[in-house]
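Both of the next two complexes hold chain A, though its partner changes from chain B to chain C.
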Partner chain A sequence: MSSVMQPAPPTGSAAETPPTASRAARRGAKLPLWVGIGWIAGLALVALLADVLPIAGYDEVVGAPMQGPQLTGEPLGTDAIGRSVLSRIVYGARASMAVGLTAAVLGLVVGGFLGLLAGYFRGVVEATIDILAEVVQAFPPLLFLIALAAALRPSLASLTLALAALIIPSFARMTKGSVVAQSSREFVLAARAMGASHWRIMFREILPNALMSIVAFSVVVMALLIVIEGSLSFLGFGMPMPYPSWGGMVAEAKDRIASHPSLTFIPAFFLFMTVYALNTVGDHLRRRFDVEQSQL
Partner chain B sequence: MLRQVGSRLLRLVPVLFLITLLTTAMVDLMPGSPALAMLGDQATPEQVARLNEQLGLDRPFHVRYWDWLTAALGGDLGTSLRMGLPVTTAIAQRFPVTLEIAVLSVVLALLVAVPLALVAGARADGRLDRTATALSSALLSLPGFAAAVLLIYLLAVRARLFPVGGWVPFTEDPIGNLRSAVLPALSLALMEAAVYFRLLRGDVIRTLQEKFVLSARARGLPPGYVLFRHVLRPSLFSLTTVAGLSMGRLLGGAVIVESLFALPGIGFLAIQSVPFQDIPAIQGIVVVVAVTYVLVNIAVDVGYSVIDPRIRAR
Partner chain C sequence: MNPTTTTDPRPGPEQAAGPDRPPPLLHVDDLRCHLPTRRGLLRAVDGVTLTLERGQTLGIAGESGSGKSMLVRTIMGIAPRAARVSGEVRFDGVDLRRLPAREARRYLGRHIAMVFQDPSSALNPVVRIERHLTEGPRHHLGLSRAAAREKAVQLLEQVGIPEPRKRLRQYPHQLSGGMRQRVTIAMALACDPALLIADESTTALDVTVQKQILDLLQRIQRDRDMAVIMVSHDLGVLAGRTDRIAVMYGGQVVEEAPTPTLFAHHRHRYTAALLEAIPDTARPRHSALHTIPGAPPDPVALGPGCRFAPRCAAALPRCSTDVPHLEPAGDDGHRYACFAPTGLRERP
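Right after this comes the complex of A and B.
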């Protein structure tokens, strides 16, 4: 689905928070920040410790299929072939977090670098990068990912690479925007007058000033990437079987939604909460650095 | 204005060239071959080689691309490997479905978001405003497929208002057609509505601080009248762009919703073509989608000058 692909609009950014809205309304509009941070930290911890936690293997049949907690002793029951839902949620968290984080970092580094070049040198460099970005963005995004993942054979690594490739243009454009804004500032002119090299101006003068807003953006991008990973797995083009992914779990369970709705809604809830938490933290960061920039 | 449209169309050329080049290269990048995908694992290497030869896939990359390009410029997008019919026909058959879903979902989203944003923006920070804002920020974090599955459960499985999936053509049964279109359109509209609401609410609050609104109020005009007649139109600019962009995006086929509800649209066609390495079909879809997207964007720009006479003067 395409609407999943666009980075969510800057919810609650300075542009959208009208002057009359009070702090209370802004806070009320979001998940409390500590819930967001807590959820992400808890999930990251669980994902890291998945192998040592006292849970069943993700591919291990632990009891009769589709039973609740009473019969199996599994806190979240069992899935259609008797595997532990809890364990699959935990290992699914690992897949979501690993793919989302790695792809976001890759996108940040590569896209950020390209954006820095484009925003600093402008001209031919900028035009080339713009056209490349347009090529990637003209593809229907899911089709782009599916084709790329198929070309690379499905695996955690190829999925991550494909997602990073998809997101690089967004990072490049975002970085370019803030680099262009910084380039006309006095301290850049001063550095230039002192005879600093391009390299030094780009990395020591401009980048530190543009960095935090790019990092804030990457948190929101990570939420988006987790949605995309879920969507791909939902369509059957994500993580190779039998490794669990939340999107894949929803897809597996959706045909039994009439008799066993919880099998569909548990992974969907975790996906939703994770995305919500990341969006909350990302928005908070973005708002914070918007304010700092306006005070300068 | 005209020159702007012209340069936008001109920019499309290198983009289209590169994406079609990349799609042609997909055959060389993907493991296996279209013939292998069509014949299955049991096929002997000779059979696979013969079919690949028949399909012209044994020729070098640049020859294949040149042939495709010259035909495409004449309006022939080739023949689908999987379906055996011309790609243009296949796309023409499926486009109306995608179009209907796209239009319906944008209309649904606007119907919900516009009145809600006006009322919420008029009483910023009120109870309704806070509820709607909180709801919209939650909806923005709900992945499309999760929203679709939730709606299926509530409206199709529990309430039995709509079918769980499938498509009824309009010509067969107009009512059934609408019933089969509502759930997919609604699944897409949820997130669109959240985006539209946030955008318009912010703009309404900004417009309300303008002097002409104060003057309208001072003249004793009823608040509802001021809201709909004075505030709405100048607040619509960013919403027009965003709604236009989402229209362009949705016309590219809502892959997840179309495959979840088994709708014979562009997105479903695209996703079915990938495992078969049906390159002509994929290429045709990619071209049509990219062109549609750019055309819709241009149409949005032209639409601006209709809403805002000041732009026409420029």
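Right after this comes the complex of A and C.
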């Protein structure tokens, strides 16, 4: 599972069309990117507006159980208890994305700060942060989270904090690499020659140059967190009871996959598309803002 | 040689301001900068003593690896963190090396400023020109944003950049190389420093732009009565634009003289070789260019004796065993360190 904690290297996909390709080919190569952006935007919008949309609550029984998608009535069908699949998808999206986003932001702020310190000061500071990061990353993440869920009463907060804690070392390492690369550039030396303090150099010279790589990285991290959260919920250790979750929906429906496949495949499809979209957009950002390749 | 065991940063007795003599603007005493590396101790700067008065221009010449860039960075206090530095750097009587870091930083950018070699990398690519120019005055001089912006416009005009207000809003990549270098010069001048250090500041430019930049520096120096240290491997750049030149080799100063004296009456064999290496259009066509055989010494594995001896055509047996020290020649401040100088017979 530790391999899951390191986001996969960029897939050599869409944006690799040669400059001599036709304009249509280049536009076609950008299609996955637009699909990804559209999906994320649409999902975020729907998740934000969930309460005002004309859909049932995620716990309401709206009709007969186990009905497939219908043209009139529930568009995505009902689950084993008769709840609206559509509502549970929408509210599940909201829950997953909220947890994923919050944990990613927390990881970025804490991990990014630690990486900045390690990359700028080097020496003892770097060694200490490196060792701490390795220790945390050596933990099998799912086992750690399951143990945590078993030990404490699971809540949204504890889940978010645990995910953030797991992802901080990745952010720290990534930021450190970027900061080390920026620190050797001559404008940093020039800033020192103008009498800038360490903090000023870190936050006003180095960080702005490293920022885009960090942001691109965090989009991919969000995809990772959504997968982890989905796996956890599938196992029953993720989202606490009232909140719906795509992983949980798959778990509930998996025994009836032969008779009512839509109940399993609909949440799985949403999971797949969301992770695909985040990965594609994150990859594109990473490629665009990779300092070594760009002329910045 | 004055003992350097004092821990008091205030002026020593020989540099104290007295009724007869104010302290020199810059006095570097036995400065050494050693970097521990895996292969051994790298003696980048190994015992340099220099003095510079207000309004003077000092040129520092030498090959790549002679330690000239490291010297000026050590003077400014921005040598690599792992470096072991010893010696004194007295600016206006105050030993910068003995000051606590925060105090020393008040001098950097304010009284001593540096122009770097490659303008493309010396400017932060995500920062607009305006902020590059206003950061110094706002921090060191406490100017408001509006006042600093006006000052930035004036600076750009002084360095000869047209449409200064438009340039302020632009990013470095929108300017040409020559303009970027002018911006770095403007940055260095922003707080009216008493000493400007130009570290190979024209090497990255083409020849026509080079001349413009050097003329600009000379004009500014005259207008502001500023002291300048000009570091270059190109003696042609230093000729006619400096009052004195110090030639560096292997981390040490091997000869120092007023500029006319250096070109006409140089003594050290390395200086002679450098001058001979300059292509001379008066020579017949297709004559071979004079080069200095060999390569600069490895700063980690310096041999005994004179560091130039392995490459010196006139080396005596003594040159490989004894270390020559800087001795005066004449009374105009000319010093050199050579057992077999040109133009004289061997010294006893």
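In this section, the second predicted complex is superposed on the first by the 256 of 296 C-alpha atoms of A that agree within 3 Å, B and C clash if a C-alpha of one lies under 4 Å from a C-alpha of the other, contacts with A are read in each partner's own complex, and residues count from 1 in each chain.
Basically, a contact is a pair of C-beta atoms (placed from the backbone, for glycine too) under 8 Å apart; a residue touches a chain by one contact, two chains touch by 3 or more.
Everything numeric in this text was worked out from a predicted model, so none of it was measured.
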**Request:** Based on the superposed arrangement, let me know which partner A:L235 touches: chain B (first), chain C (second), both, or neither?
**Result:** first
**Prompt:** When the two structures are overlaid on chain A, which partner does A:G42 contact: first (chain B), second (chain C), both, or neither?
**Reply:** neither
**Asked** For A:G247, is the partner it touches chain B (first), chain C (second), both, or none of the two (neither)?
**Response** first
**Message:** For the three-chain arrangement built by superposition, which of chain B and chain C touches the greater number of chain A residues?
**Reply:** B
**Request:** Look at A:E186 in the shared chain and tell me whether it touches chain B only, chain C only, both, or neither; answer first, second, both or neither.
**Result:** second
**Prompt:** Does the superposition put A:G68 against chain B (first), chain C (second), both, or neither?
**Reply:** neither
**Request:** Applying the touch criterion given at the start, work out whether A:M194 contacts chain B, chain C, both or neither, answering first, second, both or neither.
**Result:** second
**Item:** First (chain B), second (chain C), both or neither touched by A:R153
**Value:** first
**Asked** Touch check for A:P32: first (chain B), second (chain C), both, or neither?
**Response** neither
**Request:** Write out the stretch or stretches of chain A touching chain C in their complex.
**Result:** 122, 185-187, 189-197, 205, 208-209, 295-296
**Prompt:** How about chain B: which of its residues touch chain A in the complex?
**Reply:** 11, 14-16, 18-19, 22-23, 26, 29-31, 124-125, 129-130, 133-134, 137-138, 140-146, 149-150, 152-153, 157, 188, 191-192, 195, 198-199, 202, 205-206, 209, 242, 246, 249-250, 252-257, 259-260, 267, 270-271, 274-275, 282, 285-286, 289-290, 293
**Complete:** So, in the complex, the side of chain A touching chain B is made of residues 1-6, 8-9, 11-12, 15-22, 24-25, 28-30, 131, 134-135, 138-140, 142-143, 146-147, 150-151, 153, 223, 227, 230-231, 234-235, 237, 247, 250, 254, 257-258, 261, 264-265, 268, 271-272, 275-276, 279
**Message:** Show me the residue ranges of chain C that touch chain A in the complex, using the header's touch definition.
**Reply:** 76, 78, 81, 102, 105-110, 113-114, 116-118, 121-127, 135-136, 139-140, 173, 184, 187
